[in-house]
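Paired with subunit B in one complex and with subunit C in the other, subunit A is shared by the two complexes that follow.
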Partner chain A sequence: MMKSLMILAAAALAVAWASPSGAADVKIGYSIAKTGLFAPAAPSQINAYNLWAEQVNARGGLNIGGKEKRKIKLVQYDDQSSPGNAVRIYEKLITQDKVDLLLSPWGTPHHFAIASVVERHKFPMIGSTASSVQLRSMKPGNIWFTTAAIPDKLAAAMVGLLKNAGVKTVAILTNQLPFGQENKKFLMPALKAADIKVVVDSDYPPNIKDMTAILAKVKAARPDAILALAYPGDSILYMNKARELGLKAKFQYVMVGPAIGFWRGMFKNAASGIVTLGHWSPHGENARAQAFYAAYLEKFKEEPDYLDSVEAWVSTEILEQAVAKAGLDKDKLRKVISTSNFDTIIGRVQFDGVQNAVTPTGFLQIQDGNIHIVWPKSRATAKWQAKPGWK
Partner chain B sequence: MSLNFSRDALPLLLVAVGALCLPLLGNDYYLGVGFTLFGWVALAQSWTLVSGLAGYISLGHVVFAGIGGYLLVLTWGAVPIWLGAIVGAVGAGLFALLVGLPVMRVRGPYFVILTFGLAEFAKYVVINIESVLGKFSRLLLGGPALQDLYWVMAALALVGTFSVVVVRRLRLGAGLIAIREDETAAGTLGVPTMRFKLIAFALSALLPGLVGAMFVLRTGYFEPLQAFDPIISFTIVTMAIIGGSEDARGPVLGAIFLVLLSELLWSNFPQVYMVILGVLLIGFVLFAPNGVSGLLDRLASRSLQRPGVGLV
Partner chain C sequence: MDILLSGQLLIAALIIGSIYGLVALGLNLIYGTMRLLNIAYGDLVMIGGYVGYWLFTLAAISPIIAMLVAGVLTGLLGAALYFGLFRRQLSGRQSIERIEANSLLIFFGISIIIQNVTALAFSATPRTYNALDSLVQIGEISITQSRMAALLVCLGLSIFIVFFLRLSPLGLSIRALIQNRTASQIVGIDVNRVQLFAFVTGFALAGLAGALIGVTEQISPFMGFPFTIVAFVVIILGGLGNLAGGLLAGMLLGIIETYGVALTSANLRSILIYGVFILVLVLRPEGLLQKRRMT
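This part shows the complex of A and B:
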């Protein structure tokens, strides 16, 4: 018995040694909030990265400039939700771990914080889960942003959708975190220009525990639309209280939250009719989108996050296609990313400066448990419907 | 004025030699670690001025760093960066004087809770101001390079360490220690307790004001929830406990120990380092209650009988 085990072990070793050493793995590094304030948001992105690496490796590895294929090895660190830590981690990834490529961290603050690091080391990185008009003030060349959900464009698109839905009055509830504030800043003048009256305008702190007072005010004002510029935590608070009070507005927008799988599981039918931020749906014609959706669902037994998983996935698609063309040379990569067209699950993407110049800003709506693009009309997979009540 | 080697010269030497040697390793990663380390040393030393010497444990020290960072952001573009940082420090000091008047009348656990609450309060005031100003986080583009920030931070750590060494030798320091031992008795003996406490509180706010400004410059990004993160306050206290003494040595040893340990752990065990760190900290409190300083003293005297120097 012992002897056969020894032989087996020796054989295994021999195989291990003999296996085509060929090219070494491609090291791809990133940091993400595994602990701290943003930790609940990170899995959507980590899952997308892991799925991508797994699929690429199953295909034989990452195509490097059409010359060879090398397996991907992801190098991940926890930034504890702190942008300062993310800065140190990306410095370490670049100068110490000497990774070949970078993926982006979670969240706008982290993207902004590491922008100066990738700029200084001239190390191109494709961003994902970040959005702010401020990103346009960044120097293009080493960082790009895939999102179409930039607040000024969102405001214009939202007014289009509201008018289309025949909305005349709105209540705006705004989380004081940066993204909420920025959206409100652009929404207010856009609403005014479109003659839509704001009947309630209320800001609340990020860690709000009770929305009764605010929502009672909303109920009394009877607006056509409620725009809850919320984050995942308070979006749940909004849903529970709005259902309890039976808010009847036909248009209810919950900014961030409903795109996450567990969120819809929590509210089931009550979530029907909720409009949310996003510009991707698997229900369209895009074959890449359908394949991604099916693979994600199979591996993780839950739907992808229609915002974060999607943005993260798009960034990997762009990276993969750019590396296939340019190889690992930073200068060539930078050039290819800046000038090429990329085929992704949100359709064709091309960058103008740091931002995605193609994907139109859109909105999603939950209809019978599915999420559809309802705006803009050119990309809609379903028509907007009035919220059917809370059931 | 004589210097005790282990208590005074050692921490000063550690900071100075460390500051000169780290850049020799020659890459950004080590400079970044050094920047962080010296930031913590400066914060922990300034905390020691009031909490170590006078025994008023502050759990809201981050408020001064937050204010320093915020003032730098508000003056960004209007005045040179160095002036903005100084405005931050002075602002933090004035804030300490202002709130010190009522806050410093409270002792023990009430003081701990009050400082914590005050920091949270300041955080939400800033969030509201930003909201009224229509600002949604601030991006500061074109700040100084890491090399420059590193040298400033190393200097702050040195100044912080030096200030603890000096203050301990002044009448102020003796008075603060008397306050820690028995405030009523100290008052009776003629120590101007309120004045000393206020001075210590204001002094302890200056350096964090500068450190906060450096932190903002390092990331080029300001957002109140991050700048006023209470974890920063907790970390300062943790470093003091690990350092384990109320002289200039404790904060230096505590900061070095915690920064290097967590750096080694997260870079080598990125998935479980928090667990390991937690276990190590618990072990430390259980088996080395007097911190790194206590261990050093024990090693130096080679006697287990000698009582270590507690934190408070």
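This part shows the complex of A and C:
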């Protein structure tokens, strides 16, 4: 009798454990640069992850294969900006923490570094803030990239936009960091093929402290367009000095920086007319995009980063939709991610190999404090305008 | 050629040079008087940047006033560290080499603590603000008010400190301590008091410079390290402990950086700076203006 009661009690306990109300959280792990060189870039991605987890949990949890809903528990580690640390952390997340799902770290080098880990463990992960033509050389199957901003495609799109703007001469200023150099590598032949003359071509180191000498040469050359293949730190130097020197080029492109909220806050009206990298804007007709923008703004009291927050958010949208179809089984997930269509804030996304095969490469422009897609025309939320001056 | 002769380039060189000079001045004061290698120095610049940012963002306080507040706050931090950590180190009978090595490790720890506490408190998100951003026109040269303020404050303060050290009794005590510690004690200089003053002033100058720098650059918890490196290059160029030499070296570095880039390529910036640095180390290892030290 006693034995039967104990078996009954154990069975009851087991049922209680497996019931939806007592379901364990879905552990979703990632590492990111909370300290070190890349730490200033990571918060916009972390914010997107946190907002997503909060919204999903508020909806009752993550839909697992249409069968149950489980709350999300994010497991986050600091990789101290080191790709080597990221490798160790992702190993730990998979083998020791036994997370159910993975989110991606910040930055191209970190994505490259952990690609071998997810491949070895056959653990599917949607990448986000990474861009390089080298991404395509990765083995498809366990990693995918949401971005449309791959340097060779960017070069072709930039030439299209420049021709549309009537540009015949350009000055190119390039940060020596890899993304800048890779963009330049594809831009130069594309410009030549389009008969656009490069009148100043100057590379500069990431730790540059003053751009007077370079921009004085640009001013003397009077190009129609200035393409500053810059990062956030040096993009500030560019803006300050270009304003001081009163550079009048009608087309001024600052590659990375203007899409971040603080940047536009710093330059206000002077930033008007600056073109930058990106293929997302909340000003179109995509309802998901508008909802994301409003929720982010409300929670963090600042705009999302139009590049990093957006790519991170898109990766969560894809993961959520894939898990709703496939559940947590890795093989099923892999198949669903590789073959399905996903509805995201940048529109429909589908992967071909590792890359986003649908979203067209685009450019944004700051107009009256708002950021609009100005290229390609098919997705534009506003027309490109000549830079109105520095007031 | 026109570019090289332009006033715009000259003023850019002067601004960078004077900022480098002021940043290095504080480091040099601390090293010269106490042989403490403050590699957390750039982090004090960062604190100054944040003080400027928050005062402007929360209370619309001008960076000119904020720099004084930043100087006071980092100065107080300096006083706390001096009494808490360094006074005992300095009062013992340790060799100079030992003090230098110990201070390097201690300041390394302090640097990590300051960076991470700041990152925890304010997050690593870069901050910027828009103050003193009107353009001032001087002839053909146009310059933002913030950079003009940085130039005037850095130059003015540097000149004031050099005169202070040459003319005031406390300044003369500091110079005496830099020249010969034992002799200073023998002639009755209150070494502890002078050390405290130099330590606090060194910290305060970093905070003050940081508030000025923060107006023109993005502020983040990890922005300090490049300033530590620059400050060390400058004081080694000028001669460790030689304050006027440091100011001259700061200016020289600004000129090399600006005109060197104009003459060659921005790619060569680091090669130019460190090339001159190595050349000076080979030809004048005691620094540009260093006199022979009495030991």
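Simple rule for what comes next: the second predicted complex is superposed on the first by the 370 of 391 C-alpha atoms of A that agree within 3 Å, B and C clash if a C-alpha of one lies under 4 Å from a C-alpha of the other, contacts with A are read in each partner's own complex, and residues count from 1 in each chain.
Everything below uses one rule, namely that a residue touches a chain if its C-beta (ideal position, glycine included) is under 8 Å from a C-beta of that chain, and two chains touch if they have at least 3 such contacts.
Bear in mind the structure is a predicted one, so any value in this text is a computation, not a measurement.
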Assess the superposed three-chain arrangement around subunit A: do subunit B and subunit C clash, or do they fit?
fit
Name the contact category of A:116: first (subunit B only), second (subunit C only), both, or neither.
first
Of the partners subunit B and subunit C, which touch A:367 in the superposed model: first, second, both, neither?
neither
Check whether A:220 is in contact with subunit B, with subunit C, with both or with neither, and answer first, second, both or neither.
second
Per the contact definition in the header, classify A:240: touching subunit B only (first), subunit C only (second), both, or neither.
second
Touching A:344 in the superposition: subunit B (first), subunit C (second), both, neither?
neither
Mind working out whether A:176 is in touch with subunit B, subunit C, both or neither, as first, second, both or neither?
both
Figure out whether A:37 sits in contact with subunit B (first) or subunit C (second), or with both, or with neither.
both
Looking at A:210, would you say it contacts subunit B, subunit C, both, or neither? Reply first, second, both or neither.
second
Give one of first, second, both or neither to describe whether A:268 is in contact with subunit B, with subunit C, with both, or with none.
second
After the two structures are laid over each other on chain A, how near do the C-alpha atoms of subunit B and subunit C get, in Å?
5
Determine where on subunit A the residues touched by subunit B overlap those touched by subunit C, and list them.
35, 37, 176, 203, 205
Enumerate the contact residues on subunit A facing subunit C in the complex.
33-37, 39-40, 42-44, 176, 202-205, 207-214, 216-217, 220, 232-233, 236-237, 240, 243-246, 260, 262-263, 265-268
So, in the complex, the side of subunit C touching subunit A is made of residues 2-3, 6, 8-9, 12, 15-16, 115-116, 119, 123-130, 135, 142-144, 147, 216-218, 220-222, 226, 257-259, 261-262, 265-267, 269-270
If we count contacts the way the header does, which residues on subunit A are in touch with subunit B in the complex?
35, 37, 76-78, 82-84, 87-88, 91-92, 94-96, 108-109, 112-113, 115-116, 120-121, 132, 134, 137-139, 176-182, 185, 203, 205-206
Subunit B residues touching subunit A - in the complex, by the definition given at the top
27-29, 32-33, 36, 124, 127-128, 130-131, 134-137, 139, 141, 143, 145, 215, 218-221, 223, 225-226, 229, 266-267, 270-271, 273-274
